[in-house]
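Next come two complexes built around chain A: one with chain B, the other with chain C.
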Partner chain A sequence: MSMLLGLFLAPLLAGLIHRVKAFFAGRQGRPLLQLYWDLARLVRKHMVLSRTTTPVFLLGPALSLVSLLACLTLIPLGGPALLRFPGDILLFLGLLALVRFATVLAAMDTGSSFEGMGASREVAIGALAEPGIFLSLAVLVVQTRALSLSGIWARSGPELWSRAGLVMVLVGIAMFLLLLAENSRIPVDDPNTHLELTMIHEVMVLDHSGPALAVIEYASALKLWIGSLLLSSLVFPLHSGSAWLDLLGGVGVVFLVALAVGLVESTSARLSMLRVPQFVGLSSALSLLALFLVIR
Partner chain B sequence: MLRVVTWAEQPSDWWGWLLVLTGLVSGILGVVFALAQHDLKRLLACHSVENLGIIALGLGLGLLGLSGGSPLAAALGLGGGLLHVWNHAWFKSLLFMGAGALGKATGSLQIESGGGLLRRMPGTGGAFLVGSAAISGLPPLNGFVSEFLIFMSALELLASVHPLAGAAGLGGLALISGLAVACFTKVCGVVFLGEPRSPGAQKATEIRGSMLVPMLLLAGLCLLVGVMAPLGIGVLGAPLQQLAPQADLEPIRGSLGWVAALGGLVLLAGLGLGHALSRRPSQPGMTWDCGYSRPTARMQYTAASFAGPLLEMFSFVLKPRHHGSPLEGHFPAPVGHHGEVCDPFTQRLYEPISRSLMRLALRVRVFQHGEVQLYLLYILITLVALFIWEAL
Partner chain C sequence: MTGTIDFLLVSMILANLWVLGSSRLPSCIRAVAFQGVALGLLPFALYPGHITWDLVMLALVSITLKAVVFPHLLKRALLEARVDPQVEPFVGHGISVVVGVASLALSVALFRRHPLPIVPPSDLLMPVAVSTLLVGLFMLIARRKALTQALGYLVFENGIQAFGLGVLQHAPLMVELGILLDIFFAVFVMGITLFHIRRAFATLDTLEMAELRG
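Take a look at the complex of A and B:
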């Protein structure tokens, strides 16, 4: 149920972020459901495949989407996840690494210098973000003594906040920074820019068109959903006793996270590429600080 | 090392710490130096340094589990380390064979002289891709299984007896695997994808079956160990029984079962979706290059540029050197630019030692001049000196 909700609602987040940005810019903004129409339109189109490409070019988006779907089965929302076992955190992170590997190789497959540049930046930022993600989840593991995402969800919540508020704040900020970096949002990357030289994620998919682009767009919407869900279910879970209320609360927090992303995007400028490592490193530092607070 | 540990009654903490720290240093520096290499075999050799670091890290975490009294962490760390020894043997042989195939087909081991080889050598390219994903620790391949065990050991330690070591292992291994992904996307992307970057790559053809079959077998093995992960831990059962008898590995076996099942499913579904996409109507075109009418292979992003941002971040250990002059004037003359990363051990440890040895040798050389009379005089002086010494 919660998984289906994710599948249907994920593209809505992008629409929401756009509307927030439009509001701040004093514009009307595009319709909330625009991404759904875009996807439907792209799926029906023909593709242009560069003569340089190999099957890797299409396999990249396909593997990314499927990995993210698998990630979705591991994340709890309003109740334990569909699949849960000790160590599912590691599989979750492994699948996210697979997404990066597949996307980057699909970009390199075109032989384009722009896509190579985007791929290079993506792996550099990804490599730095990796310790941050592991450490912030490790803090939650230590706090809840649970080795699975659903276990953390079950034992996190208001009680944990009252016991270790500072730690949770640090983890929350670290995970939010990582969400911005991993989903190529401002201040790390700009999803709207139209100059190839300044982009990371958008430049890697320059050559994908039609159904392949639809798969990519949908996969990035899912990735944003999954990232927000991580914050919602692990850091701010609701345990009200009613499964429906929990579900509603969880989805509410996901939308709040999207609002926050929109706010950050409207009020801050993109960092220079040379400053991005410091930004990503900050999240690792915050998680590390939280970890030391926990294990001291 | 493990053999010796079984003789000891109870390992001390510092054994584990020593291995964890060695493992982290060797792992992170190994992969950082690998990123800077342009020769495929040198790059793979640097990755061996990294993988031995991962093995040492696993063993170290396991020993800390033993000394701290956490049998589960011990079994996971030691098991992960041992399994990684096997896995490393498989994917590294596969990758070195791939390097050999590259040398044979294009006549050069330089990464930059590859390009577009997946099209020309689909067997080699496919096997190399599998090996690269395995060494980067991606599910559902074997590298992920052993790294999974080591990560689990770190998480166990974190929540119980040695939190600091757990945190160090977790963060360090995460950084290592992130950098390994960067390094192998560089190799695969530059050597096997895109357009040929040299005449050799242009003319490359698939290698002979006798060279290809072993690579395909090893690639199959990497996949098999990945999707049969729960059985793998069964193979490790006997040594682990001896090293950490109290550990209950049943839950881990269950987890590995899920890992293998979901990982295998992702691979199958991904291949299926990729196939479905390729069946959709499409027309061939040219790679978009921002309006250039004729993109050439030379415009592709090079391996050095690809690794550039990461090398810049790690320049404090790599100490890259750049030669070349900036453009000057309104109509600048053509300038060249060259950058390289030297091995600091050669540069700062072995070379100074050998240099001072040479200097010393040169000074001593005045005594060796080829005049027999003087040599006889040396013997006489030595004898006299010995007599005097004896007499005293």
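Take a look at the complex of A and C:
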């Protein structure tokens, strides 16, 4: 149930962020459901395939979509996840890494120098972001003594906040920074820019068109959904007793996270490429600090 | 109270990382002021049973000096000497932050291996104090500008004060006031000196200060 909800609502997050940005810029903004229309339009189109590409080019989007769907089965929302076992955190992080790998491989397959550049940036930022994700999840694991995402979800909550609020604040901030970095949001990358020299994620998908592009757009919406869900389910879970209420609260927090992303995007400028490692490193530093507080 | 203590100590650590990671001088000055406030409030959280009038006075004086007077003096020095507000590190910002975190890890390991004969009120206090000390020393050697060295000195002093809080529950009032007076004059003199250095050398880059001038 919660999985289906994710599949349907994910593109709405992008629309919400756009509306928040438009509101700050004093514009009307595009409709909330725009991404759905875009996806429907792209699916009906033909695909242009360059002669230099190999099947890897199409495998990239497919693989990332499949891995993200697999991620979605692992992450709890308003109830334990579909699949859960001790150590599924590692599988989850591995799948996220696989998404990046697939995207980068497809970008390199085109042989375009721009896409190669984007791929190298994506990998550089990913390498910096990964310790942050591992550390912040490690903090939660140590704090809750649970080795699966659903286990963390079950034992996290208001009780944990009152016991170790400071740690949770640090982890929450670190995860939010990572969410911005991983989903190529503004301080790190601008999802709207189409200037080749500054793009990171967008440049990697330049050559994809039609259904392949639709898959990529949908996958990135799913990634944003999963990232916000991580914050919503592991850091701010609700345990009210009623499964429906928990589900509603969880989705509400996801939309609040999207709102926060929109706020950050409208109030901050993009960092120069040289400052990005510092920004991403900050999240690792914060989660490392939280880890010190937990295991001292 | 552990929550409040932890909060203040983490604020101090974050201020350390902020100083190390920031690339603009005004932002560094703000970070040091922020650390001063956290440090000034720390005694109340550490010894809630021993709040006396002179302790409150001391905290007030210390916070006023560190959060209002010093930043003001340093900003004046920055403006009057017309310093370029860029930090110019020898060691890059990213690596500096790593060094800051590493210094914390080192101090935690140090106090785990060699516990103090006395029991400090919080097991995080001593590591934070020593790591602040180390960060101050690191600022002294890893930054080019004379102004950042003054900031490093202030961070170093904050570390010493935090260390003292853990060792002595109550330093005599006179001693504490004397120390504060000393720092006050030190920062005052540094502000003036910076101005003179700027006039004599036309730069605050410590690398350029290799020869004497009348």
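The rule is short, and it goes like this: the second predicted complex is superposed on the first by the 296 of 296 C-alpha atoms of A that agree within 3 Å, B and C clash if a C-alpha of one lies under 4 Å from a C-alpha of the other, contacts with A are read in each partner's own complex, and residues count from 1 in each chain.
Convention: a contact is a pair of C-beta atoms (placed from the backbone, for glycine too) under 8 Å apart; a residue touches a chain by one contact, two chains touch by 3 or more.
None of these values were measured; they are calculated from a predicted model.
Chemist: Quick check for you: in the superposed arrangement, does A:Val123 touch first (chain B), second (chain C), both or neither?
Modeler: A:Val123: touches chain B, not chain C.
Chemist: Tell me which partner A:Leu33 touches in the superposition: chain B (first), chain C (second), both or neither.
Modeler: In the superposed model, A:Leu33 contacts neither chain B nor chain C.
Chemist: Kindly classify A:Leu282 by the partners it touches after superposition: chain B alone (first), chain C alone (second), both, or neither?
Modeler: A:Leu282 sits against chain C, while chain B stays out of touch.
Chemist: Which partner does A:Pro86 contact after superposing on A: first (chain B), second (chain C), both, neither?
Modeler: first
Chemist: What's your read, chain B or chain C touching more residues of chain A?
Modeler: B
Chemist: By the touch definition at the top of the document, which applies to A:Leu293: first (chain B), second (chain C), both, or neither?
Modeler: In the superposition, A:Leu293 contacts chain C only.
Chemist: Figure out whether A:Gly165 sits in contact with chain B (first) or chain C (second), or with both, or with neither.
Modeler: Second partner only.
Chemist: Kindly classify A:Leu245 by the partners it touches after superposition: chain B alone (first), chain C alone (second), both, or neither?
Modeler: Neither partner.
Chemist: A:Met1 contacts which: chain B (first), chain C (second), both, neither?
Modeler: neither
Chemist: Report, in rising order, the residues of chain A that make contact with chain B in one complex and with chain C in the other.
Modeler: In the superposed arrangement, which is not itself an observed complex, chain A uses residues 277, 288 for both chain B and chain C.
Chemist: Tell me, which parts of chain C touch chain A in their complex?
Modeler: Residues in contact with chain A: 3, 6-7, 10, 13-14, 17, 21, 93-94, 97-98, 100-101, 104-105, 108, 123-124, 127.
Chemist: Would you pull the chain A residues touching chain C in the complex into a rising list?
Modeler: Spelled out, the residues of chain A in touch with chain C are 165-166, 170, 277-278, 281-282, 285, 288-289, 292-293, 296.
Chemist: In their complex, what parts of chain A are in touch with chain B?
Modeler: Within the complex, chain A contacts chain B at residues 46-56, 58-59, 61-63, 65-67, 69-70, 73, 83, 85-91, 93-95, 97-98, 100-102, 104-105, 107-117, 119-121, 123-124, 126-131, 133-135, 138, 141-142, 145, 147, 196, 206-207, 210-212, 215, 273, 277, 284, 288, 291, 294-295.
Chemist: Spell out the residues on chain B that touch chain A in their complex, using ranges where they run on.
Modeler: 115-116, 118-119, 125, 129, 133, 136-139, 144, 148, 151-152, 155, 158-159, 163-164, 166-167, 170-175, 177-179, 181-182, 184-186, 188-190, 193-195, 251-252, 254-255, 258-259, 262-263, 265-267, 269-274, 276-278, 280-290, 295, 297, 299-301, 305-310, 313
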